[in-house]
Every structure is written in structure tokens, then in C-alpha cells.
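What follows is a set of structures to go through.
In the two complexes that follow, chain A is the common piece, with chain B as its partner first and chain C second.
Let's look at the complex of A and B:
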């Protein structure tokens, strides 16, 4: 937890009111974002995202699984977040579990769409190999290494980068003799398919401090928040998920205002993130 | 299976007495008091140190020395097959204990009574030798945190396969069923602080294998000192001295 004196609190609040925050940013400016892809060689895709002093890793592993009975035409995606005690001593043993679960659920809500698969960043139908028999299960594992506020946005960005780094082996289904038999599949170890990640949204969290709201709050600023709204917006400006946290109530008109601001900010963030991911991929190709 | 081919090369192309590539970086977790990442080939770990600080649990406070704690955790994606592990299983508890005892032996705990030092190690990639890599990362992180130590502790493992002593086993060699000797030393004082072995070895061969591991520790030590010196130089430049 952050320990702040009354003077420090007032200083941060005053800075936000005057649109000049402690680190010199404006209310709606992100910290510099740094992306590195392919950091975990044994995963199908991975990325490390640093947002100021917040540092997270996301990895994607694909395993062959069976589609759900309720949705035989879709693959499955799972998101798990783990908070390492390196980020905060209070995360040791089971201390980080609560936050981990909160972040996992918020990410699933923001990125995976509804039960039917509508609004999902990755089209679950594209993970299907044979209807009702075989599909890809995507396991997205995230690790928080260092935390300085705004974990959700950083994790969202890391997942987006990891997904665009992911290669799924091409799979050929051999025609099974009878329909109820276990499907026979050939997993290619040479050909890899890339995902269409253009639809993966970014998450913009607006944190309300005093009368104003800010993006990309540091942990000092987060300790002063009254409430926060996380909005995930995709390339087309559509809202894919929404989470409100914090105890204080918000006026409905303020929420609508926040959403339109988030939509505006997300455009810049998406462009910045896309160019960072591209630069990271290029650096990877040049290295070996 | 053949772990050393007739040309004398191992599965990953190393010579029997060759270490994997070492890589270390200091200050990877900027909010911790001290931190470092350490890589031995494909094994990659991060260590963060918090403290010396007030003891969180008063009943554990000691009036004559500092309390040293350690937690070892493995990321879900660190191993080849994805497994969801519960925290605090037997293996990680044992490794936490080993690291704690090893680091406690070199920290001058009597200089910091009534305080607590937390060492957190996080495995990002596991490819054999995580124990050694964790100890090396923890040493660097403690040095980065400026915690007074008798000496640096460095660790390295060695094994014995196909009648050849092998230095710094990777996962495949580690799971081959041969002996695996993990040694931790205080290089300047020339003392062994950690020694673990599984499987069995004849006495005279054990001596050779252990000697090889000690040589490995010394090589790690010279690398770690190089990194620390480099780090001090950059700090000096930042201060404008």
C-alpha cells in the first residue's frame, strides 16, 4: 500500500485539478509504453509490456481441446493473471489472489466478449478445428512483475501484443471412419497461422480523483481514487466491455462523458501500441 | 540415451565442462529496494529484495538479528507443459527454504536487529538449474539493495552422465536420472554453504563432480562481480562523479 501524507495527497489532487500531474503528464496522457515480443520461447506467443514502472508479461499457449457442448462451433480462451510478490511484498503466499482474480475476470469481460462469443477480440469460431470434436484452447497466462498502477491497461496491452506474436500450428483433420470416433488430427510443426488481432480491443481505465478523471494512474494516484471505469474499445470505436470499480457512485451523465473520452484516448493508444508491436516484431526478426 | 556424443558434445552442443551463457541485469523491478534478473541459458529468474524494513509480524521479530524471508514462485508459463500450480507446494517450499538458509548465511544479520529482509524469486523460464539461478539472482538483488554481506554467494550445478562429469545441467540432462550436485559457495572465503545431491555416485567421482561445480560457482562469481562493477560505474556516471 502507498503511504501518503495529507500534504502529498493535496499536492497530487491539486496537480490533477490544474491538468499537470506529478510526473509532468496531462490528465489524458499515457506514460511511455514499451513492448517486447517473444520473451517466452516455449509459449506460442508472448510479450512483455512496460508502462512506466508497471511491468507485465503475457504468454499464450495453445492446446488441443474439445469444444463446449453448448457451443460446438467455438474454441475456448482462458485468461489467468498471477501477481508475483516481486511487485509488492503483500502479494506473497495467497496475498495476491484477490487482485489476480479481479484482474482475470475484468480482462475476460473486456476481451472475450459475451457467452455467445459476440464482441470477442479473438473470434472463437476461428479456433475451431472440427465441429463438436476438436478445437484450440488458448491459455493466456499473465504475470505482474512490477506494479505502479494501471495494471489492467498494461495487461490488456500485453495480451494484445502476445496474441499478435502468436503462431498456431496448422492442423489437418484426417477423416474419421465414424462420426462418434475421436477425431484424428495432424499437427504441423512447420506451418504456423497468425491470428487476426485487429479486432482485439485496448483497455482504457479512467480513474476519478476529486472532480476530474485521469488515464494511466500511478499507484499514488490510484490510492486517491474515488472510482474507476475501465472501458475496452476496439479499432472501430466499439465498446467491448466495461468495468466500474471503487466505492463511490458516479452520475450516469459522467459515465457517458467518460466513455466518449475513453473512445478518443483509445485511438491514440491503439496507434501507439500497434506501432510498438510492429517495432518489437521487426526487432525480433532482425536479431537472429 | 546418449548425453555426450562421441565427439564429446552434449545435447545442446556444449562441451562437458562448459557452462550455458550467463546474462544478468540489475534493477529490473524499479519499485523494489533491490532487484536483478539472472539467466543461465534458457533458465530465467527474477529476484526482488524488500528491506531491511520493519518486521511485519511482531511475533517473529528478533532483537539481536534481522529476519530473512524468502518466497520462490514459478510462473504458469515457465515450464514446457502448462500446469496450474498451487502456491506453496512442497517443492517450492523446499526451494524457498534452501534459498533463505543460503542467503542468511552470508547476510550480516546482526547489523540489522529488529528488521526484516524479504527475498522474492520468480521463475520466468525453467530449463534446469533454477535453484542455482535463483541463488545467483538473489545475491545480485541483495547487493543492489545495499544489504551488508560477508561475501557474494554463487551457485552452480554439476552432474554425471555417460561416465562424464557435466557442468550446469539443463532440463533434459537433469531429468536423465543421473546424479545432480548443486553447490553454493562463498567464493572469497572459499567455503561451501549449500550442497545437495540426488541419485548416487562413487566417492572418488563425487569429488570430481563437486570440484567441477565449485569451478562453475567461481566462474559465476567472476561474472557477477563484473556485472556489479559495471552497475556501480553507471551509477557513478549518473551521479556525475
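Let's look at the complex of A and C:
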């Protein structure tokens, strides 16, 4: 990340205060979103999302596994983010590890809810095959190819698109002789069930610069931030997760205000994202 | 058009002029029209070509250029190639003893010596140790500076000078980075757009500065203003306010953003960037009533390309 001179920083801050950012956007306008699905054919589902210069790929792989003893009626979902060294020079070798862990945890918190699985955006109960015996394990892997700010929003959108592209194979459970043995399952190669993504939330990050919040900050604007709050909201306007980054403290009233702004912005984002995902899926089908 | 290919001239060079590139990847053959009795040995093969006995082929993907008998291939994504007298815009990355190091999209960092820079009080005198200690009051890390190429040293490093009033620190604006080959060397690189109140500096290294207009004042006055600014802005930031003493008005800011977006569109399309083209694009966007950030969308790119096609056909018709 190249540094910015004092003059440039003041220019950017002044722009945000006057509701005209460096590239001409308003404070609450997103950059153009570009979605492509099915980019990784070997995975059960995948998607690539470009948010301006930020470029991320998410892939979903489903494997058979055993449910946790504490939650025998649920499947498992693992989210893992990797920041590729091509995104930033600072990500070379182990440089991107810290950011990767932070993003993974933030995504898990936003999309999976608490330890008991309550209030999750992705419903683990839908991944169950046979209670206590077999369930689906979803491994969601994300790769950051190019980073120009607002990675969390882009990753959230990519995961949502990848999940709507995911096809879980249909399984037939053959009854085992004794209940202790592993149940045999017939995994169908032909039939796939589309994953239900109407409940999957979208993440909106609000970055506070000076006295104003902006949505979808570029890496220049992020270098000026005092704090950032990422809120995941689903279609019904329910909040599924909340993450705060940055060193500056925030007044509780500010956080409540940010939440209401995020809810308002998330509606437009959800609609835009859904239409983009649909267009991408249609483009996939049209291809031979 | 039929190509007359004689057995001797197996070399083929496609001369298309600037701005058009030879499509293709890696090593390719270059095709041309040569008269039947011209010999390939008449030409001197420059950079980016390889004489393979029977043929001469290009080793880089790019535009074929020809100067009298010299034929060479200029690659598209080259680094900046400095020449003496070029106006460049750079960013300070280090404050070293008696000099500043700047990043200018060249293979090495450029050096601006303390002696090549006007002193704040404007007097011409020998630089003392106190001047060296006060270098930070002039330029600090990450500052954006406009300067001129003074020359090369023996080890190939670049030396700059900023003795005139028009060179120096740039504030209140935006720095854009575009490929260096899109900026042609002209007589004028500093442009002041009166109707917008905006300063536009085309650095030959591909760094373009778009900012609020600053009158070329006396060095003394300007530096006093600069010295008081950092203190004011620092305290203002601490109070959490985003107002600073030299706040840019919304109208000028809109024009700055429009011009910056126009230049970004040009860079994305690979067109040469010059003042007339940029102002025409800005008036086009204003006439279409486009929001400033809508200039970066696909439809506007198409319209800018059409406008460029018109301009080129007009200029060829005139010829």
C-alpha cells in the first residue's frame, strides 16, 4: 500500500465530508459488482466476485462426514480465507496469515451464528442426512486475488453466490445391519439439490472516516479510517452478525445509527447481488 | 491490399502507426509492404527484434516503430524511459542526507538534491548544515512533488531539479497512475483549466496530477502557508472535524473527480491522454448528465471510444 501525502489525505477526507468521494461515488454507493459463477468446475459450487478492483473467489466443496456428538442433528460448515500474495506485496509468505484468520473468523461469525448454530445464516440442519450418523460437511474456501479495500463485503457476496451455485448430490441411505456401523450411502452422480440461499445474509461494512460513514471503502479510504463495523443482514432485515475493527472507540448511539444505515443499504445490495447472481447463472446455462 | 513478397524480403513489418498494436502473443512475424527491390539488409534492427538469418522476428508484443532506417518494436507495458527536460510527478519515499528519493515508475528511484531545490526564503546561498536538518519542513515522506529531469548519473540513477516556481509540492488533489506511453512529450505539461478552476499536470512518467488550482506565488509566501497548514490540520483532525483551512469547494471537487475519471477511462481504453481529449470527454459527460461515478461504467467507455473514433477520422480527413 503506497502512502498518501497529507494533502491527499485531507482531500479524501474533505470529499467524504462533502458526500463526493474520490471516484465520484456518494457515501452510501457501492462500486459496480460483477459476479461470475461456476468458475471452478471440480467444486460443488463456486463464484468469483469483483467489487471495483477487489477480486475474490469462493468455492464450496461438500463431503460426507459424521455430525458432532453435541449436535447430532446438524451438518458442519467450515469457512477458510486465504489472501494470495498476488493481492498485495505485504501478503508474501506469512504476511497474509493474520488478515486471513481475521477474515475467516469474521465470516464465520457473520454467516454461521453461535456455537449452538442458533441464528445462523446457513442452516446446518439442512445438511443432515441421517441423524447422528451421516451429514454433509461444507468446506467453503475463499481466495483473495486482488485487494482494493472492503474484502469482507466481497467475500460475503462471493460466498452467497457460490452457495446459490452449489449442487449437493442426492443421497440414498441404505440401512446398516447394526446401528453402530457406518450407514452406507449411495451418492448420486446425476441428481443435485440446489442449496437454499434465501436465508443467507449479506455483509455490509461501514467505515468511519472523520464524522461520516462510508460504504465500500477503497484501500486508500481504509487507510484513513478510525474504525469499521461490519454487519451481516439477511433478507428479512435481521442482523446475523456484527464485527468491529479499528482502534478508535465508538459511542453506542453511533453503533445503533450504523446498524440502521446498514439495514437500509443492505436492501439495495441484496437486490443488486441477487439479480447479478441470476444473470450469471443464466449465462452459465446458455453456454454449451 | 496485395502484399508483394519477394523471396529476398522475407521480413515483414506491419507499420500501423502509434496507438494501434500488433495483436498476438510472444514471438510473432511482422508483416509489411516493401517494394520488391528493397533489401532487408537496408534496415537496422533495434530493440525488440531478433535477426534469425532468413527472417527477422519480433521478440516483444507491441507497436512497431520506424525511424528512417531503424526499425524497432516498442512493448506496451514498458516502464518509463526518462529524457532530460521531462516534467515528472513523483512521490517522496525517503528523506536522505542532502537529498530526497522519489518514486517515479522508473527502474530506480529518482533523486532530488537539496541543492536543486529552492530554499524557503528564496535567497540563493550555499546550503548549510541547518538547511539539511530542516529538510523535513520542505518535503516529507509520501509527499507528491512535481519536478524536472536534470540528468543521469554514471550509475544510471536519475537526478531531478525543482528550481522554478511551478515545481514543488502538490496538494489538494488526486494523483493518477497510467501507463507512461500514453503521455506524449509536448511543449506544455502544466495545464490550468480556467473554466473549472483545476490544475492538470501530465507527468511524462505516467503520473498525472489533478488538483485545485494554486496560483504560482512567491516561494516565501507559499511556504509560510504550508508551514501553518500542517499544524492547523493536525489539531482539526484530533477534534474529529473534517474541515481544514484550505477546503476544496464541492463544485471544484466535482470537476476534479470528472477529469480524473475521464483520464481513468482513457487509460483503460489505451488512448493517448492530452488536454483536448480530456476536456472533450468531460463536456461529453456533462452533456449526457452522467453522475460522476457513472463515468466509470461500461456504457460511457463505449461512448468515449466512439468519440475518439470521430476525432481520429476528422484528423485524418484534414490531412
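Going forward, the second predicted complex is superposed on the first by the 287 of 288 C-alpha atoms of A that agree within 3 Å, B and C clash if a C-alpha of one lies under 4 Å from a C-alpha of the other, contacts with A are read in each partner's own complex, and residues count from 1 in each chain.
As a convention for this text, contacts are C-beta pairs under 8 Å (C-beta built on N, C-alpha and C of every residue); 3 or more make two chains touch, one makes a residue touch a chain.
Small disclaimer: the values here were computed from a predicted structure and weren't measured.
In the superposition on chain A, A:32 contacts chain C only, with no contact to chain B. Applying the stated contact rule after C-alpha superposition, one finds that A:174 touches neither chain B nor chain C. Touch criterion met: A:18 reaches chain C, while chain B stays clear of it.
When both complexes are overlaid on chain A, the residue A:43 reaches chain B alone and has no touch with chain C.
Applying the stated contact rule after C-alpha superposition, one finds that A:84 touches chain B and leaves chain C untouched.
No residue of chain A contacts both chain B in one complex and chain C in the other.
By the touch criterion given at the top, residues 28-32, 35, 42, 46-48, 50, 56, 71, 73, 75-77, 79-80, 82, 84, 87-88, 118, 120-122, 124-125 of chain B touch chain A in their complex.
Considering their complex, residues 91, 103, 140-144, 169-175, 211, 230, 233, 237, 240-244, 246-248, 250, 253-254, 257-258, 260-261, 291-297 of chain C touch chain A.
Residues 39-43, 46, 53, 55, 57, 59, 61, 63, 80, 82, 84-89, 92-94, 139, 141, 143, 145-148 of chain A are the ones touching chain B in the complex.
Every residue of chain A that touches chain C in the complex is listed here, in rising order: 2-8, 10-11, 13-18, 20, 22-26, 29, 32, 209-212.
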